[in-house]
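Following are the structures in question.
One chain, chain A, appears in both complexes that follow, with chain B as partner in the first and chain C in the second.
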Partner chain A sequence: MIETDILVVGGGPAGISAALACGRNNIKTVLIEERDFLGGQLIKQTHRFFGSKEERAGSRGIRIAEDLMNEIKKNKNIDLYLDARALGYYEEEKIFTVLQNGRMLKFSPRKLIIATGAFEKSLSFENNDLPGIYGAGAVQTLMNIYGVKPAERVLMIGSGNIGLIVSYQLIQAGVQVVGVIEAAPEIGGYAVHASKIRRLGVPLYTSHTIKKAIGNEFVTGAEIIELDRNWNEIKGTEKKIDCDCICLSVGLSPLVDILSQSGCEMVYIPELGGEVPVRNENMQTSIDNIYVAGDLAGIEEATAAMLEGELAGLCAANTFINDVKQDERIEKIKNNLEVLRSGPKGSKIRSGLNKLIKGETFFQGGRNTGSEIEAFKKTGIPSGENLRSILPDEKRINETPFALIECFQEIPCDPCVNNCPFGAITEGTDINNLPKIDYSKCTGCGSCISRCPGLAIFLINKNYSENTSTVSMPYEMLPVPQKGEIVDVLDREGKKIVSGKVVKVLKNEKMDKTNVISVEIPKEFFNVARNIRLVK
Partner chain B sequence: MRIEKHPILTFERGKEIYFIFDGKRIKAFEGETIAAALHADGIIKYNTSPKLHRPRGLFCAVGHCSSCLMTVNGVPNTRICVTRAKEGMIVHSQNPRGDLND
Partner chain C sequence: MMKEDNIIVCRCEDVTLKDIRELIKRGYTNIEEIKRITRCGMGPCQGKNCGQIILREISMITGIPVEKLTLQRYRPPFGGIKFSEVLGENNDEK
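Showing the complex of A and B:
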């Protein structure tokens, strides 16, 4: 029997944060993880995170993962068990059993924190079992952990943040994305994520679904079909797409087996991903000793999982330590979670959480509607009107270089605000507000470009020469062009508009591989040129 | 199909090793799973369905879906997506459910 104060199950972002919250407070903690390495989904996230400065917004997920994992290894209060699979919890005896290296271990914890994450959903269509049809997480595991290309030509099903981000990561790995299809009439994830792949030329099919996979031994293509307003297939709109992989990014189901086995009260809430444990705002379940955190408590993203993990850890630990400082921190985390969920994009999770406990409302406020940006949400490409709304006046455009933030959707994010050395970017008191530039303060230094998780900031120098302008843009592909190189200059749909000359390549450690490329183009294209493609 | 250069990541691969899959010699790097090494070799069919014997490949790659079960060093129903390749391993595709007498 192994005695411990806290046992955390699951070494992803939520479990790691929970273990650290306890370990930092000198509480004896055991962390078990079924794989032989820590990190869960966090170690596959090569993109920069949204959120606030406090949650390290603007940093890549993999960097956050490295820091958290190092801290786990250094913390003497945390005993790490890898390759250790949770078997069950026996409430009467208060014993938790674990399988490691073919041996069963018995733990006797005072409190349990379950953070087992989620499992990828599948989708029913003809031939959906063919080799080459993978979950988005599987694709990320192959390419971002093992460095193996999952395929050559991928069709992405689902345009939630995961579908959009994985599409972008596939292109970074040298894989072609032949399209992203989405059954709903608008993009599921953040439109700025869609803009990134649109300017790489990826077609986006909203109001479309997959009808069947084509192939005998493995995938050789897919048949897609358009849906009407009532989500019915429109006959005659079938279309064949050649691909060798169909990547399913159609949502996640909480992995709640251990909780069901333990006897926790469960409830089915579609907005939270399916069956989830009933819990209070301290992350405590119907069994007093069991706390939960992360995706198994409701599908969200990694930032929320880390906050929930810390919250569950502190609340569980608070039952032994009763430290006033922790109470303050607990209130702070609850507040941060509320802010993160308070924008229009958080309405689904808010509605789910409000169903969690009868008569108890997690959220009083929160915004359900954002800016009127119909076209942008459908296509990931801002309309002319959107663009006019952010451009400075004609006089300022013609003076000195200026930054342009193509961010039209209220999402919780603030790295641009915090990284402007001149305080020119503000978003008021709500982190969900759209950023605004005070053009009398913007010097055109461009330091915001590489910090934007949406890669949505560009720097325009309209009067670079008599006939040319330059556009500086974030660039995270290989190879990186050389100064002086002639490249194809693309518009927001990834279409070539003109050839341009690279006049500056900015890269340094602080930019963490988001290089900034400045390209010289005829003046008329200063508000059209948004990407480059190297000429072979 | 291994990624040699990546704009964000660097892959530190282990020692080059070999294992046998259905009689074929497969290259792997220490630390890679059997599934990753097979995938890198272009092998994506891993199993067949129990009734209709339809081909099956990876689905989740994290040990949850059981779509990639194989017999590894005589042990049937091994999840090759979470089992690391080792020098000289003998890996067999199996009949769908595996057989202890294999």
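Showing the complex of A and C:
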């Protein structure tokens, strides 16, 4: 029997943060993880995170994972068990059993923090067991952990952030993404993620679903169909798409088996992903000594999981220590979580959390989206009206270089604000507000370009020469073009508009592989050119 | 027409949408009943793939919202474990 104050189950972002919160406060903590490495989904997240500076927005998930893992290994209060699978919890005896190297270990913890995460939802369509049909998580694991190219031509099902990000990563890995389909009338994830793949020429089909997979031995294509407002298939709109992989990214379900088995009160809330434990604001379940954190408490982003992990850790630890400082931090985390969830994109999680506890309301306020869907949220491509709303006046356009932030959706994000050396970018008090540039302060230095997690900032030098302009853009593909190279210049839909010359390549360690490429183009295209493609 | 027998609901135990819909129409409207008859949820994934699809099917056919349906029961152990470990045979532990 191994005695410990705290046992944390699950070594993803939530579990690591929970263990660290306890370990930092000198509380004896055991962290168990099923795999032989820590980090959970974080170690596949090669993209930059949204959120606020405090939660390391603008850093790539893999970097955050490295730092957290190092801190776990250094902390003497945390005993780490890898390759250790939870077997069950016996509430009467307060014994938690774990399988490691074929042996059953028995733990006797004073408090449990369960952070087992989630698993991918599956989808029923004809021939859905053909080889070549993957979950997005599997595709990401093959690519980003094992370095294996999963397919040549992928059709992505689902336009949530995972579907959009994995599509982008597939293209980075040299895989063609033949389309992203989405059953809802608007993009599920952040529209800036959609803009990134649109600029790479990926078609996006909203109000579409997959009808069947085509192929005998393996996937050779898919049949998709359009849906009407009531989610009914519209006959005659069937379309065949050639592909050798159908990638499913249709949402996650909380992994609650241990909680349900332990006897925690459970409830089914669609907005939170399915069956979730009833819990209070301190992440405590109906069983006093069991706390939860992360996706199993309701599907959200990794930033929220890390905050919840720390919150659960501190609240569980608070039963051993009574330090005023912790109470302050607990209030701060609760506040940060509320801010993260308060924008229009947080309306689903807010509605789910409000159903979670009877008689208690997590959220009084928060902003919701209007009923009418703007074109940008449907296509990922800003409308003329969107673009006019951000351009400086004619005089400023013609003066010196200026930054242009093509960010038209209120999401919790602020790296641009915090990285402008001249304080030209602001978004007021709410992190969900759209950023605004004070063009009297913007010097056109371009240091914001590589900091934007949405790759939505461009630098325009309209009067580069008498007849040409330059557009500087973020570029995360390989190989990196050389100065002087002639490349295809593409518009926001990834269509070639003209050939252009690379006049500058900015690349340094601080930019962490988001290089900035400046390309010279005829003046008329300064507000059209948004991507480049290398000419073979 | 959609070929329901070509749609797999439970990959572990090879159960199709046709099997599930027929059972629900015959009155098996509880996921635990369907589990005992078809072995859905008793394979390696323990119902993680099929569970939500079955609940949605029951809801669609009976008209009862998923929130009001009986949810799947989970039982330990969550991983394969040798009898010798449970019974203590050849167990070095004193």
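Following the convention adopted for this analysis, the second predicted complex is superposed on the first by the 532 of 536 C-alpha atoms of A that agree within 3 Å, B and C clash if a C-alpha of one lies under 4 Å from a C-alpha of the other, contacts with A are read in each partner's own complex, and residues count from 1 in each chain.
Everything that follows uses one rule, which is that a residue touches a chain if its C-beta (ideal position, glycine included) is under 8 Å from a C-beta of that chain, and two chains touch if they have at least 3 such contacts.
Keep in mind that what you see is a predicted model, and the values were worked out from it rather than measured.
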Which superposed partner A:Phe119 touches (first chain B, second chain C, both, neither): both
Which superposed partner A:Cys445 touches (first chain B, second chain C, both, neither): neither
Which of chain B and chain C A:Arg103 touches, first, second, both or neither: second
Touched partner set for A:Ala173, first chain B, second chain C, both or neither: first
Touched partner set for A:Asp129, first chain B, second chain C, both or neither: both
Contacts of A:Val528 with chain B and chain C, given as first, second, both or neither: neither
First (chain B), second (chain C), both or neither touched by A:Ala86: second
Touching partner for A:Ser260 - first (chain B), second (chain C), both, neither: second
Partner chain(s) touched by A:Tyr268 [first = chain B, second = chain C, both, neither]: second
Chain A residues contacted in one complex by chain B, in the other by chain C: 119, 122, 129, 255
Residues of chain A defined as touching chain B within the complex: 34-36, 46, 60, 62, 119-120, 122, 129-135, 137-138, 141-144, 146-150, 172-174, 217-218, 255, 476-478, 480, 513
For the chain C and chain A complex, residues of the former touching the latter: 2-3, 6-9, 11, 17, 46, 48-53, 66-67, 69, 71-79, 81-82, 85-86
Chain A-touching residues of chain B, taken from the complex the two chains share: 1-3, 5-9, 11, 13, 32-33, 36, 39-40, 44-46, 49, 54-65, 81-82, 84
Chain A residues touching chain C - in the complex, by the definition given at the top: 85-90, 97, 99, 102-104, 119, 121-122, 124-129, 211-212, 253, 255-258, 260-261, 266-270, 274-275
